[in-house]
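Input: structures, listed below.
Across the two complexes that follow, chain A remains constant while its partner is chain B and subsequently chain C.
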Partner chain A sequence: MADLTLTKDAPSRTWRSHGRTRRSTRTVRVAASAVIAAATVLAVLIVPPVVQLDEQAIDLALKLRPPSLAHPFGTDDVGRDLLLRCVYGLRVSLLVGLVAALVATVIGTAVGAAAAAFGGWTDRIVMRLVDTFSSVPHLLLGIFIVAMFRPGVWPVIVSVALTHWLSTARIVRSEVLSLRSRPFVDAAVSGGASRWRVTARHLLPAVLPQAGLAAVLMVPHAMWHESALSFLGLGLPTHQASLGTLVQTARGSLLAGDWWPTLFPGLFLIVPTLAIAGLAGAWRERINPRRRSELML
Partner chain B sequence: MSRRVPLGAMARMAGRRALFAVPVLLLVTFGVFAVAAASPFDPVKAYAGTAGLTATQDNLDQLRANLGVDQPLLPRWWHWVTSALTGDLGDSSVMRQPVADVIAERLGWSTLLAATAFAVAVLLGTALGVLAARRPGGWLDRTTTSAAYTLEAAPAFWLGLLAIWFFALKLGALPAGGLTDTASDTVTFDQVATHLVLPALVLGVSQLPWFFLYVRQGVADALEEDAVRGARARGLAERTVLLGHALRSGMLPMLTLVGSRVPELITGALLVETVFSWPGIAAATVQAAVSVDFPLLAALTVLATVAVLLGNLLSDLLYGLADPRVGFDG
Partner chain C sequence: MLDLHAVTAGYDRRAPVFRDASLTLAPGESVGLLGPSGCGKSTLARVAALLHRPDSGRLTLDGEEVRGWRHRAPRRLRTAVGVVFQQPRLSADPRLTLHDLIAEPLRATGRRTEAPDRVAELAAAVGLTGDLLTRRPHEVSDGQLQRACLARALVLRPRWLVCDEMTAMLDASTTAALVAAVEEYRTAHGAGLLAVGHDRVLLERWCDRTLEWTDCAKPAA
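Take a look at the complex of A and B:
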């Protein structure tokens, strides 16, 4: 998944700017995305400390109850409230996603900028290495790393981060290369600025919006990876609620015919992903209205 | 369309890619071994299991030497590479058979699943994409596009589980997993066909959004081109314009990306095969990872890399064939 916004800005020529109605649906979409994203962040930040409910509270008398007023998402196979579990799971998944995306972006930006700034053989070797690592499917490499360093949160974060800096490195490198030939860089160089100064003061700040956009888009993708790893039994321990472990533990109830423990954690992954993608799409149009950038995450 | 196929140029391109693949594969295998060497996981303890708790140090050392894990990283890696070239990939502990046998037994099932899913994704994606592109902004376009974005955000394992719940449990129409019925001990065509439907559909649908969005975009762009306007001006039937002109030029950029979908296909297969207990290579990868079966895991990682490189080559060859301006220089 996750080249979600790949074609979002591409239709500009054919599909958009046809009067007011189209514009207003776009505005509505961005607003809805913003509201959902804000609600997500608020929920995971506020609910755990403020709501004094125990997500681990077991009530076997209430096990596998379908959604009702008392338990809007129903209860799981040991009677825990699924809404609360989902919020806690989203909190963990989001945290993993944020940290992994941040680490991957820092690595990718550093490598991409260094490759472009040094150029020549360094650039060639580094980019060949990036190509080589891109030849291994992300999830497979992630599975391999996690399998070797299980269990815990950190192996998951590391495995997601180490497999996702490649695209950022490519984006940053190509941005820096295209910026290097601009007059303001020539001006800095003729003013006597060193290579490091040019890179740090003039090139990096100019590519930060692109790198930031890639980072934002990477968060849902990293969350997806976390849940896939946890679902396969390679991520977080099953007692710790994350969106992946919730789906994994729900498998038994599903085969008995109870759908809600599986359905809701998935929706908790899809809805924020769409909201973040919607916001990122709007942001991209703002920072880069004309060019269609490659963001194959 | 009687242009001669430039077989020589294509073969030269394949040869160059094969040469490039050698260092890539060496590097990937070395990376795999380096990660394993850095890992706190001890293959000797895993091999010995509970017997390792009571075994003497001498026995453990002997086991270590037998498994070849007492050597440093570099000789171990080189030994693996050289014996892999002779077809000996070591033994899988979780499958209790040689790794080469595991691959030989399971590769066919995975290929069947992936090829069916790919066909589903391409056919459905193209059909829906053309329909949606006919009226940009129309209700069909908006519905399918929103559905595509939602599907793209949905994890494949979740889709698989919901499909099992609906089709296997609610409707009872299709089997929930496996290759054959549990009672059956022979593999018949009927059995495999019915068991293939759900996993192939789920894997196909998880790949669908991408194809759909690309075709829709390509056809919509092509509909604005002069060639299409010319075709319309000549009074050609809408069908001919859409399929013969717009789709043909709109598919071109997609063609180059078809082979590059191999990583996503492998990613999807890892999840879907596990959900449906499909006896393929991807499910074996997950099992190998869960029980830290290093020989199997290393071989399958390399195999996946080979598949990705082959996919890249295939898409470049296709693109060169479809668009003579591109050529076979890469």
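Take a look at the complex of A and C:
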């Protein structure tokens, strides 16, 4: 006769089937991304008010000095400290990235959810408009928008936000369309829920993780757009530090063999981008239902 | 009276799932609908629950001809029919606790204040204990979740019930408990029932009459 015995051992960890090496690599990557992202945010929030140095202070006697203890990132072509300029520039780029990504995500989520929830002609008309806007290269559309205003931070934010909601609208629409036909939505309709309540109570909460992920991934993309617009001379005025204007003004120095005025602003753009992408990747893994169900085991 | 007359419905107008199906339910009557997979029983149940617009035909609910489906149907008609679906996992919003799941129709129809009492009453009727009500769908079994889905269907006191293979995934004791809960409700409120399923023995014991979907065109009554 067979006996069935039950033992209450410590919870099994066999769900981590991909092995210790891969897990530790991922943990290190996520931890490094978190540290860099936190350092970036702290630097742009704390350094300018605490240090209270003038990032626009010109000292022609110190122009184009290579990195040293006094100026760790060197100086630019009019003797301004590049470390300070980079921190101020990152502050502007991060502001543009965060606000533009937030605005684009709100617009994209609202448009995508409305198109899918109403369906029919509303959906067709809205999505054809999205297709039309998508067919224009968004840097070109961004240049057109930013050219209508005087140079400054807000025209750049408007330009980036108005050209980047399209992909979020598509993601949200497809998610809502797939959810709309689920029986739990039928149950809500049968229970007397209005179209608005079904969208707000059942559909939007289900797509918010995906919309949030799209927003996080859009932050570095928006930073790159700001830099591209500033590099083309259409973003911020040249005296105002942004990573794009720093690279743009340093182009001449690079041809003369002075590498530091372009390298450090470039690193300030690339490293936070990688950190944000690393964190977004970890979040995507976490919200992936298949992965989540493994974690529940 | 719930009267479906010459209904043709499907998901492609050129190839409907069934044609010219007619079915009449008297108030308080229970009708079982039997038939092979894919013949259109669930589609017919969705039409009767005002969740699927038919290609042609007429549906009359308590003397009123239905002219719109889903959100286009007036709320009082939609809520007159309670629906229990086959798969509880798919028919429960995974973000809601079982308490919120049951109370949701009351909140959606502006009767929020009734929720605590009504949920407690229905939880007892379907056999859900208090601790289960605080859990989310992934934390309970299929049988427990289907009990909550049945309570949700009954919470607005519908005059008609549509059970689309409600017990298909459940064990015998849960099936018996759910059928008993439905019958108790029908006895108390005089609701009509359309029960769709494959289980001939169950439907013949449960319902006043059963209809056989003889071919993939329409039911035999």
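Convention: the second predicted complex is superposed on the first by the 269 of 297 C-alpha atoms of A that agree within 3 Å, B and C clash if a C-alpha of one lies under 4 Å from a C-alpha of the other, contacts with A are read in each partner's own complex, and residues count from 1 in each chain.
One rule holds in what follows: contacts are C-beta pairs under 8 Å (C-beta built on N, C-alpha and C of every residue); 3 or more make two chains touch, one makes a residue touch a chain.
Bear in mind the structure is a predicted one, so any value in this text is a computation, not a measurement.
By the touch criterion stated above, A:186 is placed in contact with chain C alone, chain B being left untouched. Once the two complexes are overlaid on the shared chain, A:136 sits against chain B while remaining clear of chain C. Contact comparison for chain A: of chain B and chain C, B touches the greater number of residues.
Touch criterion met: A:195 reaches chain C, while chain B stays clear of it. When the two structures are aligned on the shared chain, A:59 is found in touch with neither chain B nor chain C.
When the two structures are aligned on the shared chain, A:263 is found in touch with chain B, with no touch to chain C. When the shared chain is aligned, chain B comes close enough to touch A:254, but chain C does not.
Of all residues in chain A, those touching chain C in their complex are 182-184, 186-195, 197-198, 201-202, 205-206, 296. Residue ranges on chain B touching chain A, taken from their complex, read 23-24, 27-28, 31-32, 35-36, 38-41, 136-137, 149-150, 152-155, 157-158, 161-162, 164-165, 169-170, 176, 206, 209-210, 213-214, 216-217, 220-221, 223-224, 262-264, 266-267, 270-271, 274, 285-286, 288-290, 292, 297, 300-301, 304-305, 308-309, 312. Those residues of chain A that touch chain B in the complex are listed here as 1-4, 6-7, 10-11, 13-15, 18, 22, 129, 131-133, 135-141, 143-150, 220, 224, 227-228, 231-234, 247, 250-251, 254-255, 257, 259, 262-263, 265-266, 269-270, 273-274, 277. On the side of chain C, the complex with chain A involves touching residues 46, 49-51, 70-71, 75, 78-79, 81-83, 85, 87, 90-95, 104-105, 108-109, 138, 149, 152-153, 155-156.
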